[in-house]
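We just call them A, B and C in the order they show up, numbering each chain from 1.
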Amino acid sequence: MSLRVAYIAANTFREAVRDRVLYNLIAFALLMSAAAILVGQISIGIERLVVVNLGLTAISLFGIVIAIFIGISLVSKEIEKRTLYTVLSRPVQRWEFIVGKFLGLAGTLVVNTFFMAIGVFGALLYVAHGLNPQDGWIAVALYFIILQFLMITAIALLFSSFSTPLLSAVFAFSLFIIGSFAGDLRSFAGMAQGVTRWLAIGAAYLLPNLSSLNVISSVAHQQPISIQLILSNTIYALVYTGMAICGSVLIFERRNLK
Amino acid sequence: MTTHARTTKIAATALLVCLVSTAFALHHLDRIQTQTTSEDVLYLSSPKVLKRLSLGYDGLLADLYWTRAIQYFGTKHYQHARDYKLLAPLLEITTTLDPHLIVAYEFGANFLAPPPPFGSGMPQRAIRLVEYGIRNNPDDWKLYYNLGFIDYMELKDYAQAADAFARGAKVPNAHPALKVMAAEMAQHAGDSQMAQIMWTTAFQSAKDPYIRANAITHLRALQVDQDISSLETLISVYRQKTGHPPSSFTDLQEIGLLRALPLDPFGHAYKLTPGGRVELRDPDNFPFITKGTPPGYVAPPVRFRPEDLGAS
Amino acid sequence: MPAIEILELEKTYSVGFWRKRPKIALRPLTLNVEDGEIFGFLGPNGAGKTTTLKLLMGLIFPTAGSARILGMEIHDPQVKAQIGFLPEQPYFYDYLTATELLEYYAQLSGVPAAERQRKVSEVLARSGLQNAAGTQLRKFSKGMLQRVGIAQAILHDPKVLFFDEPMSGLDPMGRREVRDLMEELKRQGKTVFFSTHILSDAESLCDRVAIIHQGELRGVGAIEDLTSSVEGKAEIVWHGSSVPTSLNSLATECHVVGDTVRAVVREANQDAVIDALRREGLRIISVTPVRTSLEEYFVRKIQVSQTAAGVKS
């Protein structure tokens, strides 16, 4: 049973790669190289800061775009192209399909991030002429970024299981942007009164809280990240992702494939 | 049970579990993150860079920062904080992103200029902020008023204050008080009457709850100071007449110096101590007072009354 | 035990955004398909054939009713391992090659790893795709995709096969191959359930057929039984240049070709016509019974329901 999930995940990964998604690495490499060289020439004293900020932000944004663009069509494309018919007529359970698709895309993003991380460390080495132990926190920032990817992928998958690609894209992007300000929104909600307050707080808790997963500027300033934060973020991201995936499964289980 | 029903049940249960866990996890995250560093709150300390990065959506970003500023102030205020270090950069970023957000300048005048624990203690920075506001909004009388306000209240520079009020009075639709204050400044600078006009104008012209609450509280304090000054005058008159201090206010009433028992703005009677001092029953209710406190009194940190914050 | 048992299977869609109107795709259908037979599911386009197949595959859910395949409920996951499905105008992951696709499907169908490669090459050969095995599916023609569809349906050696319009998109050679394949499957003891609107295919292949129109079953049975239920006809050919007046009421269709007349008469009137011709002294060339085609039975059934529908609506 679980092997089927792995097969589907592997096939999803293969699909993404053959869809030339990894070509984005070329654009990223160009960006990092140009930035590193430029910054090295100007030598304004904050080379390390720029490389880390730029590199991690680029990894985050590139990845979010990939997560959304591929995520929203994970299910809808298969339904539209009817490739799903011959898959579901086999002993594949619908939930296995959803989970497999998710893992495939998540895996793609992890691989993508891995290569990009090499690029960032390479650029850092170039401008700073060496790494120091504090740069290890960059790995934590990368880990948090991957957690963000998991959440966004799950959200995109959720929308894909019942909505058209266009609408899914709009919703997913909106949730990403809103999620980046989720902390402020929870405060706004807290300032409301009465029934609105509870509704607003409820809605604010349902939003993906991406702001606490963004430690890019802290890491750029070589500040350490507490173990507590790492643990809490991990639990939160995994639970949130699980929630979205369960939602996808529930929707997809009942869907008539016309 | 069919596998379909089983899957649905498992998925639904898992969904519920995850939902609840999400709420708890998020709550926990919020708790360990309340000590946000200034970097996290501001993202970027340079207003100009932030404006460029906002890709033209500076209005929205300004609103966001304004809300952060209010939140920051409110949280600190609630916690009886003794300083508001980040208020200045927050307001500066807000106004760089949106130079026409007048309320931000008013807020700065009210809470950047006064010394801690009432404000940030940065009157010069407040002046720079308001002058920037005037440059971008030359026809808004409130900004000239705010400028004069800072000069008068914090810097005690009455000449500058008069100048600011005079400039403001020339603006169309200016509040009539500006002309009056400009004119009276030469003679009556330092008068409590002057202060009363200024705080009343502040209350009338502002819509922000904190600014209005601040104004009401100051007006109350002025009232108390005035009441007590009058009472002290009456007491010395009594002393002259009878040769000894009065033992209670009824003494003053008996010889016709006082008609009714004096009450503070909350309706409680003033106390007359054996030493001949007039004191409030609850001085803690009156921030900003300069009279009416017992010897050795230490004022608690300022906290606005909820009724004042909700006052329309 | 019947290979396929369908009991009162029904599907209604709610169409429309605000006021949902029900659209009946399939009226309660009861049907059995016996083990080892080739069963044709016939009907014009939009009759409900694909709906029925999708219901059986679990791609859509019935509004009411149930079905069993090989004695197991259709939603039982063990059923899926025993069946193969070829959808109408199939489409596959076009970034994969034929071999990769079939290997992926073999994985999903639970074919043991040791046998996968062997089975895949076998099935590729069987479907005539050996030369295109390494080509990406995006480059396949419609006919080749159809072959891939058949390949993936038989890959894991299922007991029951479901084909939706298996001949569509194939040239005559391809159709012949598919027919041969279906007969071979039957010889192997498998059951084949296929839908089509091409009656000649059904006639040559099927043991039994069902006719469906507008979501409703119109007739089920072996072809001979069905066609013989329709009244027989006979074709009579004689020397002559015109139709004698006495025959006008008896002969339904008359064609005059050169110096012969060919008429189709109802079996009941056959003797009367022969007598009339002999009375006229005309020379009879031939009397041939005309076998009613399935097509005629089909058309008749459809017309009946259309008239009935017309009356109803």
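Criterion: a contact is a pair of C-beta atoms (placed from the backbone, for glycine too) under 8 Å apart; a residue touches a chain by one contact, two chains touch by 3 or more.
Because the structure is predicted, anything quoted here is derived from the model rather than measured.
Trainee: Answer with line, ring, star, complete or other to describe the graph linking chains that touch.
Mentor: Graph shape here is complete: every pair of chains touches.
Trainee: Where centres are the averaged C-alpha coordinates, which chain has the largest centre distance to chain A?
Mentor: Farthest by centroid: C.
Trainee: With respect to inter-chain C-beta contacts, which pair, A-C or B-C, contains the greater number?
Mentor: By number of C-beta pairs in contact, A-C is the larger.
Trainee: I'd like the Å distance between the centres of chain A and chain B, where a centre is the mean of that chain's Cα atoms.
Mentor: Centre-to-centre distance between chain A and chain B: 43 Å.
Trainee: Please tell me the distance, in whole Å, between the geometric centres of chain A and chain C computed from their C-alpha atoms.
Mentor: 49
Trainee: Between chain B and chain C, what is the gap in Å from one C-alpha centre to the other?
Mentor: Distance between chain centres, rounded to whole Å: 85 Å.
Trainee: Give me the residues of chain B that touch two or more other chains.
Mentor: If we look for residues of chain B contacting two or more partner chains, we find 3-4.
Trainee: Residues of chain C that touch two or more other chains: which are they?
Mentor: In chain C, residues 77 touch at least two other chains, as defined above.
Trainee: By the touch rule stated above, which residues of chain A touch at least two different other chains?
Mentor: Touching at least two other chains: 93, 254.
Trainee: Okay, in this complex, where on chain B does chain C touch?
Mentor: Answer in residue numbers: 2-4.
Trainee: Once bound in the complex, which stretches of chain A touch chain B?
Mentor: So the residues of chain A in touch with chain B come to 93-95, 181, 183-184, 186-188, 191, 205-206, 209, 212, 217-218, 221, 223, 226, 228-229, 232-233, 235-236, 239-240, 242-243, 246-247, 249-250, 253-254.
Trainee: Of all residues in chain C, which touch chain B in the complex?
Mentor: Where chain C meets chain B, its residues are 73, 75-77.
Trainee: Spell out the part of chain B that touches chain A in their complex, as residue ranges.
Mentor: 3-4, 7-8, 11-12, 14-15, 18-19, 21-23, 25-26, 28-30, 32-33, 37, 39-40, 43, 64, 67-68, 71
Trainee: Going by the contact rule at the top, pick out the chain A residues touching chain C in the complex.
Mentor: Residues in contact with chain C: 3-4, 7-8, 11, 14-15, 18-19, 81-93, 254, 256-258.
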